[in-house]
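Below are two complexes that have chain A in common, paired first with chain B and then with chain C.
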Partner chain A sequence: MYIIVVGGGQVGYYLAKALMDEGHELLVLEKDAARTAFICNDLGSVCVRGDGCEMTTLAEAGAGRADMFIAVTGEDEDNLVSCQAAKHKFNVPRTVARINNPKNETIFKKMGIDVTISSTNIIMESIEEEMPTHPLTHLLDIQEQGLEIVEIKIPPHSPAIGKTVKELSLPAGNTLSLIIRSQQKPFVPDKDTILEAEDQIIAITTPESEEALGTTLRGS
Partner chain B sequence: MEFHKILVPVTGSTADDEAIRLACRLTKKKNKGKIWVIYVVTVKRSLPLDAEIEPEVKKAEDVLNRISNVAENEDYEVETDLLQAREAGPTIVDEAVEREADLILMGVIYKRRFGQFSLGSVVPYVLQNSPCEVILYHQYTP
Partner chain C sequence: MGCGRVGGKLAGLLDIEGHNVTILDIDEYSFRRLPPEFGGTALVGNGTDEDALKKAGIEKADAFIALTQGDNRNIMACQIAKHIFNVPRVLCRTYDPLRQELFGSLGIETFSPTTIFAQMLKERLLKAKPTGEKKAK
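For the complex of A and B:
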């Protein structure tokens, strides 16, 4: 697979190294001459000095035959423009962009970038998982459908304990998909499943109704 | 000065003929001295590495044939190789490492870039990274 990585900083450098170890054909585009020389010295002639936002640079880099395009510079604007050019001008099948400001995630998705990775969001998700006071843990956003998959732990004082799923007044469009109970195998709940304290529930919800779901399952 | 394994990268310049003659003179023929002549076709990143670039390959084959004839006239048989790579410098160095060459002999001609004498990018790379001795044969061009 031919992969172009825009940005030869710490992320780009280690990513390039890992992809090369997996046997992929790779090219790193880096603006800084000293950094380009460092990468070439360390990894061989896989780094070219150039601006990944420029069409001529991308054409010379062979974006037209690239299978994947990854933009991991420290600037969201550069990542967006280079991924857009790769996607719409060179028809690269898969574009991946690093997002530094999580607020930009929606814009990236609207612009047709296939995969966005926000380090801030990843760290936030880890914090949510580790903090027991946090009502919901976001596991995955399904942006096309406007849905999200969340994890909720039933606290000992929850009003949902002892109730069946059909007795809960779940917000419309919300589904409890999986229950993970201690010392049991995870199972898919049905309408007669009774909730217990410390149950971990994987649910499908919407951004608008996640608060209501949290209240139903955890109490106010 | 005598060497057992000499790598001679060629480009089709007029300096190549003299470079190969010099390589023949420097090789220990009786002790199974070996000369490899390589031509590196550089492939643009817009093409896959194994792309067939007909005119370049034809030119390379012509150059390698000519160099073989020059060596034969010196009563030597050389081994020729046509390589495709992204960059010539690292390829030459890699070949020297792989073949355990004890000398890289390159013919260079006088080039000017932006009004200044220039060795290009390949020669400095080889000088900097070569695993063995390097001799540059500079062709006098009046």
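For the complex of A and C:
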């Protein structure tokens, strides 16, 4: 695949390195001369000095034949504009943007950016998940379907203990996919499975109903 | 959004005509460019931030104009105004003519002072005879 990365900061640099190791053809666009020189020195001539929001720079970078376009600068407006240029001017099939301010996720989605990655949210969640009182852990977001896979641990005094899955009245569209119970092989629950304290549950939920799911399984 | 020379001037003109004007800038010092008799609201805030826009009353706004020095910032703010807050009229300044063209075709009313001024100068230069004296601004 030919991939263009806009922004040669920490994220851009390590991303470029990882993608090159996977065997992709790659180009990094970076505004800063010293940073460009550093990356070229380290990774070979895969970095060009230029503004990833300029159409002429993008044309020279071969955006027309790029399979993927990834904007990871520290400025949301630059990531938004360069991804739209890639998408609408150069018809790049897949655009990915880093979002620094989580509030901006909506506008990026509305403007048709294919994949958005909110770095602030990811850091926040990782830290929150380390808190002993954290209700659920996000394992995977399936953005296209609006679904997410989460892990929930049943605490010792949860109202769900001793109930069957059927009796739980889970929020609509939520499914318990797997139960990991100590001393046992993980198993797929059915409607008659009775929940126990300390069960680790892998569930499919939606961003809207995850809170309700947490309350059902852990109590409020 | 953006209280530079153009933003400050435009806000003053609209205010005199009796419109309800709010001007946003990230730097309070920029508001010195507003005319002393300016009767609108001057608000410190970032125009690409939805909460700052709400504070500025964007939900009731009839028009939104982005006039900062940053093309991308202007474009992003205008797309937020148009697509999230459904402001009926959204105008955007982009210095870069190519970005003006692209985002114009994507539904934002964009103006490139670069193109407009170059065009104007060219026409003025190539006109057969000067049309009398005109006071420079």
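Things to note:
Here, the second predicted complex is superposed on the first by the 207 of 220 C-alpha atoms of A that agree within 3 Å, B and C clash if a C-alpha of one lies under 4 Å from a C-alpha of the other, contacts with A are read in each partner's own complex, and residues count from 1 in each chain.
We take it that a residue touches a chain if its C-beta (ideal position, glycine included) is under 8 Å from a C-beta of that chain, and two chains touch if they have at least 3 such contacts.
All values reported here derive from a predicted model rather than from experimental measurement.
After alignment on the shared chain A, the placement of chain B and chain C results in a side-by-side fit free of clashes. By the document's definition of touching, of the two partners only chain B reaches A:L27; chain C does not.
Residue contacts after overlaying the shared chain place A:K110 against chain C, while chain B stays out of touching range.
Look at A:K166: by the touch rule set out above, it reaches neither chain B nor chain C.
Applying the stated contact rule after C-alpha superposition, one finds that A:C53 touches chain C and leaves chain B untouched.
Using the contact criterion defined above for the overlaid structures, shared-chain residue A:Q84 touches chain C, although it does not reach chain B.
By the touch criterion defined above, A:D76 reaches chain C but does not reach chain B. A simple residue count on chain A separates chain B from chain C, and the partner touching more is C.
After the superposition on chain A, the angle chain B-chain A-chain C between C-alpha centres rounds to 80°, nearest 10. Closest contact between chain B and chain C, by C-alpha atoms in the overlaid model: 18 Å.
Overlaid on A, the two complexes show chain B and chain C touching no common residue of chain A. Those residues of chain C whose C-beta lies close enough to touch chain A in the complex are 48-51, 70-73, 75-76, 79-80, 83-84, 96, 98-99, 102-103, 105-106. Touching chain A in their complex are the following residues of chain B: 44-49, 86-87, 89-90.
Looking at the complex, you find that chain A touches chain B at residues 2, 25, 27, 44-45, 48, 59-62, 64-65.
Chain A makes touch with chain C in their complex at residues 53-56, 75-78, 80-81, 84-85, 88-89, 101, 103-104, 106-107, 110-111.
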